[in-house]
Every structure is written in structure tokens, then in C-alpha cells.
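Alright, structures below, take your time with them.
The same subunit A turns up in both complexes below, where it pairs with subunit B and then with subunit C.
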Partner chain A sequence: MSRFEFFTSEGLRIDGRRSGELKNFESSITTTSNFANFSRSTSTNTTYLQMGQNKVLVTINGPKEPTNRSKIDITKATLTTTINISKFSKVNRNTNKSNLPDKQTLEWEYEITQLFSKIVVLETYPKSTISINVTVLQQDGGLLSAIINCITTALINNSVQIYDIVTAVSVGIVDQKHFLLDLNHLEEQFLSSGTIATIGGSDEVCLMRIRDKFPLDLIEEFVQVGVQGCSVLKHIIINQVKDMNLNKLVEIQ
Partner chain B sequence: MNTLFSTTEKSFFRESLIKENISECLRSDGRDFQQLRTLESYPSFLNNCNGSTRLVSQDGTEAIVSCKVQLLENDYKLSEKNLLNKLVNIDLSIPDLDNGNKLLIQIEDSIKNNVVSQLLGTETLKVTAKYSFQLFIDILVINCNSYPLGLISLAVYATLNNTLFPVLLSQDDDLLVEQVPQFHDHDLKLIKIPCPVTFVVAIFGENLLLVDPSEEELQTADNCLIINYVMGKKVVGPVRTIQFNDEYTKGFNPLVLSKAMKLIESIGEEVLQAL
Partner chain C sequence: MAKDLEISNIEKKFIFDLLASSQRLDGRKSLLEQRNLNIVITPNKFGDIYIEYKRLDGSIATRLHCKVTSEVVKPKAQRPFEGTFFINCEFNGLAGLNFENYKVGSNSDEFYYGRLIESMILRSNALDLEQLCIIAGLKVWNIRVDVHVLEFDGGFLELASIGCMTSLLHYRRPDVTVRNEKVTVHSFDEKEGVKLGVLHIPIALQFNLFQLKETAEIIKSNSSIENNELVALDCTLKEDLLKDGEFIIALNKNREIVQLNKPGGLPIAALKLIQFAHMALPIIEEITSKMLKAIEIDERQRNKYGHLLSAENDRYAG
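Moving on to the complex of A and B:
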């Protein structure tokens, strides 16, 4: 038993949420309308997502012509992802001198590229590249799910064609029986947990990632809780995107 | 950055700015000659840092600055300047550029010199006789479209003006007593660190000076000046020139220098108050 009580008998967690309650989810879009800027080579939409204390910025470049001719694919677009976790994102500053990403980040980059090359309708943009740049400003548990949700929102905001919305959520297990949705960093540190992503809020799991020791007999229930969380999140994302774009429309007019 | 323009485009930008009558000159984005690009500012938006700012410029460039404070034991062998160089740490990263890039090093150096020069001879960072605050200023530039020094220095200025420091509870004279300073658990106080703001001024011909030039203006300017401005003290050194193109670069009349300084002195106050 760790020194924290993660789930009290009254059904409350450390931060006062219920077991199946999601963190505060807020996304916004920064558009800089600058029609007279000739040097504008990139799209200038930045999507900012705040999921609990996770703060993530995503910019999407493209679809545009690739700089390197060898990267051209005649039938479809190529997708690249870069994740930049800033040094000040944790409470204690990362003292690592180099700016090179660590192994976990490289693994996430690969997984996210694999995931989204099935989600984006790449055939509509032949001979072009779409690059997704993720910047993490502040992290608190469930970072991977925040990144995936933010990329989905950014793709919609940038009007890149996608088949369906991908939502991700992290799930943890307490005392082999309670399932907690959308963990914070304390819970993530001490509990066995995993991330689940589904397509369009259905039961189709498109990404599952489990960290450290995990009781295999609980996996069925674990997936169920994750899928439910994802379908709730899908409605939140749809509503927020609608609101955001209504605001944008009002600003333009 | 590194937007390539064709010769025709460049000469079009150049011709619209080189005219005999100044009132006929037009900037490509329609700004006034001494007008900065519009900025959106979000102060203190990261809550695990002591101070932070997000500035979004009109052309889409975003500068995110965070400042973290740590405690460091003074090294008495070091001179004051070397100690300050150790206390102020600047780390700039632009995702497209790799770590040892000359542009990054030049910007880091110029920001660091600015901060250190204002701290020399003051005891702003001193906590006790033995300990000082160490500042880690991390700068992140996303979507970088032109030379970002002007935007970064405005963001650093805004950050250092909203950085909160822990409040000391124990005695501040610990030379004779072995004691680690103790701080209040949650109370923080604001210590304003003076920091010069850097303005980039592009020179076109004898008369025309443009503040905060955009990429197309940098590519066609005769020369560019980097001028630092401090609240109250007006323009401070170092003033230096910088070039961004090979085609149009040429020398300039030294009288332009004093004109540029006067220009910055006249607009500096207003810019700093707006932040």
C-alpha cells in the first residue's frame, strides 16, 4: 500500500474527482489573420489544448510541397510528427543540455505517425507533406492522450480531411478493482496504468499502450472503461470545435 | 525564416520603400514606419514556473518564455560579472534549428548580456550573504517567420516583470552561522528585474527607418541596427549592425545612427508601458 489513498471509500480521488470523471478539457485556437504578409510560408493556426494541467500546442504545416524531392509520394501525402517536450514542462527543470528528444518521445512520435496516417485521408493530398509539430508546455499525467486529442482538434481546425475523430484517455487501476479515468501525475506514478485511443467514440481501439506491471485478467474491464471515456471525450471535442469555429467566424465578420 | 523571394519580388519590395518623397513610401503590410507588429500577450500562463509569458505576433510567430528560480551557493573566487553569468541562464530553442546554430547563440548571448548588464552593481538576486537566486530563462519560438530577437526580448522583459520569488523567513546574514535559508511555504513576492528591450531597425537610404521589420523588409534593407532601450535610462549599449542579405547591403551615413536612437527613444516608453 502506498502512502497515498488514491480512492477513498466515499468514491473520491486525490483531486476530488469521481472514478469515471474526466479532467477539465479546454481547447482554443489562435489565428493570426495577416493577409498582407508575403513571407507567410506556413499556416499560422495554433491549437492550444489544456487537459487538466497538461498544456499542449500543436501547429500543422501543410499540406504543402515537400522541400526534398525524394520525399514525394505520387499517390498520397506523407505525414511526419515531431514532439518537442520543453525543458520547463515539469516542476523540476530538466538539466539535460542537448535538445535531442529522449527515447520515449521518439517512440511516441513513431506511434502517433502510424496512428494518424490511417486517420488522415492521405489520398486526397498526393505529392505533398503534412507535418505535425507538437510542443508540450506543461505536463501532468496522461500526456500521450493529451497529445493525441490535441492533434485531432488541430487537424479539424486546419481543415485536413480525416476519416473520423480519434480520442484518447488514460486509465489506471487501484487495488485490483477500481478503475480511474484520466490520471493526474501522482496517480500515474504509483498505479499501473495505460492509454487507450478509439476511433470516433466507437469500440474500435486503435492504440493501446500499457506501462509496467499490469494484471492481465482485468484487461477486459480496463478497455471497457477506456472506451466509455473516449466516447464521452468525443462529444466534448465536437462541441468545443463547433464553438471555436463559431467564434472564429464571428471574428472574421 | 529563410523564405526565398524571387528577384522580381525583392525589387518590388525595395522600390515601394525607396522613393524620393517619404510620404509615398509604403510598407508591405501597411504599417506605419514606427509601428510594431500587433502582439497578443498571455502573461503568467504556466503555473509551475515562477514567471511566464506567451507572445503571439501578427505574422504567427509565437515566443514562449518561462523563468524558473533556484537557490545557488555563492562562489567567492568568482568576480561579480562571472558570478552573474552563472546566475543568469538563457536557453533558446527553435524547433527547426539544431542546438549549435549560430543564430541561436547570437540571440542567447545578446539577451544574456542585456540582463547581466542591468544587474551589475545591484543586489537584486542576492538572498543572503552566502546564497543567491539562480534564474533559468527558457525561450521557445514556434512558427518562426522572421528574425525573432525583437519579439523574444519583449517576451523576456514581460516575463522578468512578472516573475515571483520565494519570501525568505530566516536571517539574511549567515556568514558566521551554518544555515540553509528557509523560505515561506507558499508566499511569493514580486521582484522586478530591469531588462533592456531590443529593437531592430531597418535602414533604407538616407531618411527612411523602419522599426520591427518583417522578413521581406529584412531581405531588402541597406542595413539593420540592433538598439537596446531601458525604461527611464533611454538607449543603452551595445548598438550594433546586422545584415540579412547580400544583394542590397551597403554602408550607411553615420548621421542615421543618431536619428535611429532618437526614434527609439521616442517610441520606447510607449511600447514598454503597453506590455
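Moving on to the complex of A and C:
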């Protein structure tokens, strides 16, 4: 089926990476120009993540008082997620006329809300809402994992209490034996692939999603590769968050 | 799943205690035991199926109606050689007081499960869409499955996936002949119906997770050694509302994962996930054989007089 050679005998992939190599990962806090006016307001922080060619922006609004009184939960905060995938984010412009999100995006919203409502310590913010707004500027393969990683970074940057860092990677399989980590667009299109997210770099899986046919006997290795990738990513995220906040500190002083 | 249905703290504690001692509210003795599956195929119709879970005392817990309909439509511009397929899952006031009519929010479980079943059938090519093409680019069959919930006490996902696959396996579309670009659709009196091309039978199974400890403890502890959660199959509505996470797997009996979803919720150890995946296979094999048997029995009843009408000569060996 594959017109491309996804994994050469020398062990290289289409974009020159090795099988277990992650895409380049870079994140930064962008602060809006009127940062000084709202320095205490958390919503002015935007976190930008570039994971390979995925470019994701996340703003976190809250914890704040909900606009709708009926949404108040006395014991804990409520979490909402909206994902906006911009129409110019793909190579081919999305021809869908309506501005409503497609079904896939709605599914992701549901999954991400479910995921982070266990990770964020919601009990510390009773009677409030936290809304996560995701904007995708450019997409490559493994968009869901990029979104999850960006939200984690954003939650840390906005000092929302979380239990631990969630990291996600996508994993694909070539010829039923080689496992590729962190897929790009072409690989995602032609290979059976899935996304896996773990918490704190441990082997605790909090999100897993395979949407293609996948042999049952290979699931063990799939999970193993995914968990390893996640634990590597955790250290990268921690380092980047530390660097970012050092820069921020310098800026303020 | 259902909104506005509040469970009091006492009842919550009671259900948790029951689960911890591996008992269920409806009398089942094990967390991994499923309720009795019953498939009723409406006679004289194709692809019209009632599917139900029965409690131990024989009363109906959950009941779904699945019906397949087909019509001739124009194909999508991007895929001129393929028919179209659509699943409509509907919960309405009939299913229970807690469901509202005509309101399926995009963030609701119903939407998510419906979408899951649709992509389970479409993305794995369980239904061969190319067989549904009549004239490329002009006329194809549109297959539509309507799933209605008539009675609801948990277990929607499993029943809906079983129901959809059974009705697709059972359904026959009218035969067509094409002559000079003119399409004639024959009624069942003229020509016998044509079966849909079902290539394999994926069935979804939902593992429900209940946490035994505080979330902070679970995340901080090394859970591969300790036991932090209970796993139950086939939850009732009340158990469903109390669950802390789920793990959905759709398999076919060729040992292929068609869909695997763990949408957030309680984190669990990777090893346990793999264990569940392997645990699901024998259950799905059993369900598949049950489904095929129900269809076979129905087929035999339909063709009761088939041998009388047959023009085939008897052949004797030797």
C-alpha cells in the first residue's frame, strides 16, 4: 500500500529521523503588549508550542467566576475546552464553509476535557471555571499530542494547580515490526497509528487512542514505545518551562 | 451519560462498597459478568433488530432498536466510487426522564459513543462501501442505521455496536439493474435482495474504572504494584454515573484492534491496559458467535419452504 519507504534499511525515516526520535520541540510564553496592565490576570499569558511543524497556541482563561450561574459547582471548578483549527493550517485549505468545528475536533475537545479534569486539582478552585482555548496555526502529524503537550505547558505557565505533567506522543507502526515515534503528516496518513498520553513520565496511561486497524499482539510494544517517548518528553518540557520562567523573571526585574 | 440525575452520598457509598466486594446492584456476582444478551430479529423485515440486555430476573434492562434503511443518492464529489454510510444514535425522552428530546450536545457522551461506532465501522472498512456504487459519480446507495434507545439502564456502547453490526449483516438492499445509464430498482417480489458487504465484525467493549483512593495518591504512587482501581464490565446506569474513567476497545475476532480509546479519566498502568485488551478477545468471540447464530436461526425460519420451491434436482452420491 505504501508508495513511500517509511523506514529504510539504514534505520532512517522520511524526514531523516531515527525510529525513536522525537520532533524538535520548542515552547514559549508570549505575553501580550499590555502585559503590565494585567500582570495579575492569568489570561494574558499565551503559550506557544512548536512540535515539528505543529504550531499550537493555548490561552487559559481562569480560574474565574462563571458567567452562567447554572454552571457553578460548589465543590470544584468546571473545565471547558475549545479547539479552533484554523482553515489555513493544512497544505490544502479546508473548504468547509461553516465556521463550526468538525466532528474530529469535537471528539478531541471531549477527550481533552475528560483528561484534564482528572489532572487539574479542581477541588482547589470551587465555584469557578477554567476554560482552555486552543488555536492550531499549522498542523503536521500527531496534532492531538501537540495540543495536549501545549495545554500542559500552558497550565504550568498560568500556575493552575495540576497533579503532574501530562505528556503525549503519537506512535505508528511500519511493516508490523518497526515502531515510529512522533509521526509526521505523511506517516500519519499512511500508517496505522495512535496517540498515547502518560502522566509524569511514569507508565500510567491517561489517554490512549487508536483509530486504525491494529494487530492485537503488537499492542504491548506499542504501549512500551509510547511510554518511553512520553518520559523523554517530560524532561524536555520541564527544562523548557524552567528556562521560560527564568526569562520571564529577568523581564520583570 | 444522563444529566441531572443525582445520586445521594449514601447510595454512592453503598454502590462503591458493593463493587469493592465484587457484587452488583442488580444481583450479578462478579464485576466482569455481563447481563444476558438477547437479539430479536423482526420477522418479514430486513435489518430491523431489537437488542436487549436482560437482568437476572428476566426483566429488560436496556433495549435498543436498530434499523437499516437504504436509498439511492448522488455520491460525494471526493469519493465517486463509494456509497455513503451514516449512523444516527438517538436518545430521547423514551429512554428515561433524564434525557431530553432533540438535544444531543457536542460534548455529551451520546455524541462521543455514536461517533465512535461510526468510525469503528467506517475507518476499519467493516462495511465495503465500494460495493454500494451503482453508477460511478452519479448514483450510489446510502446506507443509514438508526439506533433508538427504548429503555436504558447502561451498556449503550456494547449494545449499539452489536446492534449495528447485526442489522448490517442481516439487511438486504433491493437489487438493481443498469441498462443504458438507466437504473431500475427491483422490489423484493421481483428479485431477491442483495446482502451488504460486511468484511469483518468489530464489536466494542467498555471497561469501566472506579477509583479506590484519592486521585493525588493514585498519581503519586507506583501503581503497577498496588491495586488502585476496580474494573467492571457492563455497568448499570447508576454505576455508569459514578465511574471515574473508561477504556473502550473494539476488536474483531481476527485479533485486530479496530478502535482503542481511553478518553482521559483515571490514569491506569500500561500493563493493565494490555491485560484488558487481551481479556476482551474471548468475550468478543463469544458475542460474535451469538450474533451469527441468531442470524442463522432467522435465515432458516425464513427459508422454511425453500426446499419445496427449489428447482434443483436431488442428487445421489454413487
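We adopt the following convention: the second predicted complex is superposed on the first by the 241 of 253 C-alpha atoms of A that agree within 3 Å, B and C clash if a C-alpha of one lies under 4 Å from a C-alpha of the other, contacts with A are read in each partner's own complex, and residues count from 1 in each chain.
Here is the rule we use: contacts are C-beta pairs under 8 Å (C-beta built on N, C-alpha and C of every residue); 3 or more make two chains touch, one makes a residue touch a chain.
From a predicted model like this one, the values you see are computed outputs, not experimental measurements.
Touch criterion not met for A:22: it reaches neither subunit B nor subunit C. Of the two partner chains, subunit C is the only one touched by A:214; subunit B is not.
Looking at the superposed arrangement, the partner reaching more residues of subunit A, out of subunit B and subunit C, is C.
In the superposition on chain A, contact is made by A:163 with subunit C only, not with subunit B. Shared-chain residue A:46: touches subunit B; no touch with subunit C. Of the two partner chains placed around the shared chain by superposition, subunit C is the only one that A:114 touches, whereas subunit B remains out of contact. Residue contacts after overlaying the shared chain place A:14 against neither subunit B nor subunit C.
Contact residues of subunit A toward subunit C in the complex are 101, 103, 106-107, 109-118, 121, 163-164, 194, 198-200, 202-217, 219-220, 223-224, 227.
On subunit A, the positions that touch subunit B within their shared complex are 30, 32, 34, 36-42, 44, 46, 53, 55, 57, 59, 82, 84, 86-88, 90-91, 93, 98-100, 133, 135, 137-138. Residues 106-107, 111-112, 115, 119, 123-124, 215-216, 219-220, 222-224, 244-245, 247, 251, 255-271, 273-274, 277-278, 281 of subunit C are the ones that touch subunit A when the two sit in their complex. Residues of subunit B that touch subunit A in their complex: 3, 5, 9, 13, 28-30, 40, 45-49, 56-60, 62, 64, 66, 68, 70, 91, 93, 95, 98-99, 136, 138, 140, 142-143, 145-146, 214-216.
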